[in-house]
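Shared chain: chain A. Partners: chain B in the first complex, chain C in the second.
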Partner chain A sequence: MKAQSLGSVRKSFAPWADPAAKPFIRFEGLTKVFDGTAAIDDLNADIFHREFFALLGASGSGKSTLLRLLAGFEVPTRGRIVLDGEDMTGIPPYRRPVNMMFQSYALFPHMSVAKNIAFGLKQDGMAKSEREDRVADALKLVKLENYGRRKPHQLSGGQQQRVALARSLVKRPKVLLLDEPLGALDKKLREETQFELTDLQYELGMTFIMVTHDQEEAMTMADRIAVMGDGKILQVGTPPEIYEAPRSRFVADFIGTVNIFDGTLVARDGDRLTIETADGHPIEVDGNEERGGALQIGAKTAYAVRPEKLRISASPLDGPNVMSGEVWEIAYIGDMTSFHLKLDSERIVRVSMLNSSRESAVQMTWGERAWVSFEPNAGLVLSA
Partner chain B sequence: MTVVRSGGFRRIAIGLPYLWLAVLFLVPFLIVLKLSLSQIATAIPPYTPTFDDPATWWDSLRQLTFENYAWIADDPLYLNSYLISLRIAFFSTVFTFMIGYPLAYAMARAPEGWKPFLLMLVILPFWTSFLIRVYAWIGILKPEGLLNQFLLFLCVIDQPLVITNTETAIFIGIVYSYLPFMVMPIFASLDRMDPRLLEAASDLGSPPLKSFWSITFPLSLPGVVAGCFLVFIPAVGEFVIPDLLGGSSTLMIGKTLWMEFFNNRDWPVSSAVAIILLLILVVPIVVFQRIQDREAAK
Partner chain C sequence: MRHRLSGFNLVSLVLGFGFLYLPIVILVIFSFNASPLVTVWSGFSTRWYTQLFQNQGLLDAAWVTLRVGLISATMATILGTFAAIALTRYTRFRGRVLFTGMVYAPLVMPEVITGLSLLLLFVAVDFDRGFWTVTLAHITFSMCFVAVVVQSKLLSFDRSLEEAAMDLGATPAKTFFAVTLPVIWPAVAAGWLLAFTLSLDDLVVASFTTGPSATTLPMKIYSQVRLGVTPEINAVCTILIAIVTAGVLTATLLNKRRQVRREREGQAAFA
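Take a look at the complex of A and B:
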């Protein structure tokens, strides 16, 4: 993956980079306290029109609470939410221009599929004939044309998920909220549905906000991801930004796998820093103005490198950052092989290797000596 | 993985409940049915035939008649009794529902930690004898009782209200006694409901009151139906409450049956009264369940 332009997956869609763009949803100092604990803590963020925005975090990070605040199920303790220029404070859920797709789907068990989908339209007092047209369109959209008369319990999990989606889309809300939308689906179906959802979002031109704990799902689907922890947004960025330029140790560690070398800055030559790791290995890395530029000699710092950016070899390697150790674990995954290398200092380094030829995977085995190296620009100096 | 089960064990496991049903329900029913087709006799037991001697079974069988049923059909006393019972049971069920539903709703929406306590309060009356609780109502409702004294004290009334020995007293007694049977199933169905459904309804634009009628109430209907059956069926045959609180003016079928059995010692006629009561109750329930099954199968 090229890391030069850390842009959006969708080419040329980047309203967040445009200072003149008006945010569609704005969280201003949003705080929600439950029993003395802040589930959302002074949170500020902007989300733009037609954006697919993912809230990514572990359970208890506050991502679901944020979604529920937006839907109106929870009332903020402090701060406010502005949606399309309108302050949402004091507006009950049933008058908000947002619809939610629930994690458990929350389909009405006593109503047929068609009635479930028509429910929201009925609340708006839409005429029956128009309602039926819209329901038929929605069923077609989720490819369930012939299932309108079924009851929810007569459908499979994947079909129920589609009904829930149709029901939340049919009112054409300004914002669609998706709470772990694919959580209950099996892997294969989940992958299919991921692409369907992004296509749908693009076609409908709606703003989607999705809560997920699955980073792969967030990376696949979202224009931007907000990584959440302890009720705060730790970093907002496009998937490549989040992965290649995590701003903190937490984000680097949370997204994907990473080797973090803690150490001390011992020398500086322009942008080239020398860090002595805690186990006494000097490593030469690139720092720049933003990352490591302000560090003094002797300061504690850390360097993060993703496993796929390390080279591994059964014979000694040349280069700036070479370490050697014993092959401790090997996991052959198919498209790649993942190694855990135990350095002489007992430290484990993770390396993954793309199996670009059929023989490459089998050259190293447990207990053998191996060498790893990485380029000075392979990783990032972490500020925290 | 295959689980091998012995067919014999399975048959016993399934058969045992049927055996219970047969011994505890079918056999007594058949005995009462046979009694209802017998004739009154001055003997012990006071009916004939008795099927004592297997040799005369065929003769005995030919002695069975539908005379008792004809007798019941001829005398408007019985028809009136049935109608009064059905009317009182119906309105009692309606009143119990009107009081029980909000009660069950409040319990189901109470904080999780309170629910066991609230449930215990509903069950608490069962720890005292039913008969004593009905007697207690006489003390409350009689002209010089607690209720009248209290209302006189408040100057709401200047003459004691006559409640005992009226239908009002029967209603109060039935509603009080059967309230838990209404509250429990409704509470169970409301408590089971996924609160997300109401959030979803609200999210789709339905205000709370509307959501109650479109989501909560329909989903609590199985509980409501169960509660109504549990109140209506025993209320139709209720004997103690009309006897103690209703006085002699209201002749419910339970009391008629009692009188036939104990005062007139007419076991066959009282058995016929019981069989007809059973049919009045069972036939509509079976029809109702058929309709429900057909709805569910749709």
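Take a look at the complex of A and C:
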């Protein structure tokens, strides 16, 4: 019942698509220079109230710096951050209406769990009885009711993570910043916690901004993802937008796995383009105004297609884009099998196949000949 | 894996500890000597201890030493801790290398030079030499030891703890007292103990910087020894050794117990 209602509400939640919606957090020309290098480079972005926003990038992409600028630990070199209509310039971290959950959890080792959680409330001068109530509520929220008197080092990693979460939530900040919140948990626990966090975020109606390098985590949890590289936001979008319609080669390559066929445009028939790949395969693909529409015949271009959108078969295939080669690598993962097919031109094509029946995985083996094909609309023409 | 002690190990052990502790053991033994002749044993007695507590000169000197030690150790700990924080935190300020060198220099500076330069300073500014000049001098040379001890702890300190405190609304001052200080506390306490011990046994710097009104215990002992070693001096030294040993043992045990307790609790959490 609950999941259903959450789903229907979430489906309609898209303030970024509404031109009249007012952004809750706005980065305006934000720049941070460390020792002559720009960690954040003239960055502009809007984040909306109650949004779960993920900053995704490799290390050094500037995602953590952006979070630290928002928390107030770093001072911008240029530009500003506006939070809920208030300019954050010059406001120290201890006066900002944001709280952060640290990657290392940063629990105070000399304080009990309850004191850790109460720390922020105490700074606000809240009365002891009210403080105790709020701490009890927070402990209940993270399912650690009986752990208030323990010290952090007496808890397991997962429990410490929950305490850190409770401590950052208890002040009911306008924005919760999460720095790799699940980075230190093992895979199973991480997956459970992902859903717990998203539910919690919805129930509390808070704005969450999460930094992560794990794209699966970002896609599972976030309403929108900002892919970062070299201190810039390269693309902002919902998980399907980022995955299915990457705007650049970098984003296509960074998110998931992709086959990129570099080539030259050799023919055009309306929106149907024919590209001759660098290794000599003509492929027929769909373009549109935005994607490939402006290309002249003879121009260099590239086509990106994800492994699961290719078909693989042990017998010759019909269709527009068929290539054949030798099965070079097989990775059986359980729910799916991933193949590396080596074409006659030595080029490797990656294909993944869903193991929808128990026999499907065992049909092909190393060194055998196999055929792959894809539909003209399976991938995207990349602008660069 | 327990190795039997080889003959070589045994000899080096005995020699090492012998060199270190034989003089002290002899001193302690002779402090209980009934004879007034320091080197002739004539039976057990505690008369020198009784007599010691009637020696007003020695008692006064002990009192001065204790006050100098307490005040200078406390001041040196405060200043040394702040110096250590400045050195580890503000790594980009101009002249950091120079400042670091200047904080560490007194560690290797010959005491005679420290004492002489302080004496010249006090004379130059016309500061009456006595209790306060000795105390100031002790603060000066012991604070760098505190800085070194505290700095080593700060280097392993997780900065995100402080950021977390500030993020939760604590001002920088509040953050220091509620989070930083409690975490680095063992190092600060060790620094205080070190400063106190240094002050307790300093003879050279105190001799340069004191005036007629304030004589510390080491100075008193030294001046009495020049007139001949009395068993009374042995008794004073034995008491000093007892105090220092007790202090060091307490610090070690406190640290050890905390560690053991932490390990035990840690095991209980996963049991």
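By definition in this document, the second predicted complex is superposed on the first by the 375 of 384 C-alpha atoms of A that agree within 3 Å, B and C clash if a C-alpha of one lies under 4 Å from a C-alpha of the other, contacts with A are read in each partner's own complex, and residues count from 1 in each chain.
As a convention for this text, a contact is a pair of C-beta atoms (placed from the backbone, for glycine too) under 8 Å apart; a residue touches a chain by one contact, two chains touch by 3 or more.
Everything numeric here is computed off the predicted structure, so don't read it as measured data.
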Based on the shared chain A superposition, would you classify chain B and chain C as clashing or fitting together? clash
Between chain B (first) and chain C (second), which does A:T89 come into contact with in this model arrangement: first, second, both, or neither? neither
Would you sort A:P109 into first (chain B), second (chain C), both or neither based on which partner it touches? both
After superposition on the shared chain, which partner residues are touched by A:T365: those of chain B (first), chain C (second), both, or neither? neither
Now for A:N44: first (chain B), second (chain C), both, or neither, which partner does it touch? neither
Quick one: classify A:N99 as touching chain B (first), chain C (second), both or neither. both
Chain A residues where the chain B and chain C footprints coincide 71-73, 92-95, 98-100, 102, 104, 106-110, 119-120, 123-124, 167-168, 171
Which of the residues in chain B come into contact with chain A in the complex? 194, 196-197, 199-207, 210, 214-215, 218-219
Which stretch or stretches of chain A touch chain C in the complex? 71-73, 92-95, 98-100, 102-104, 106-110, 119-120, 123-124, 150-151, 153-156, 167-168, 171
Residue positions on chain C within touch of chain A in the complex are 158, 160-161, 163-172, 174, 178-179, 182-183, 262, 265-266, 268-270
Residues of chain A that touch chain B when the two form their complex: 71-73, 92-96, 98-100, 102, 104, 106-110, 119-120, 123-124, 167-168, 171
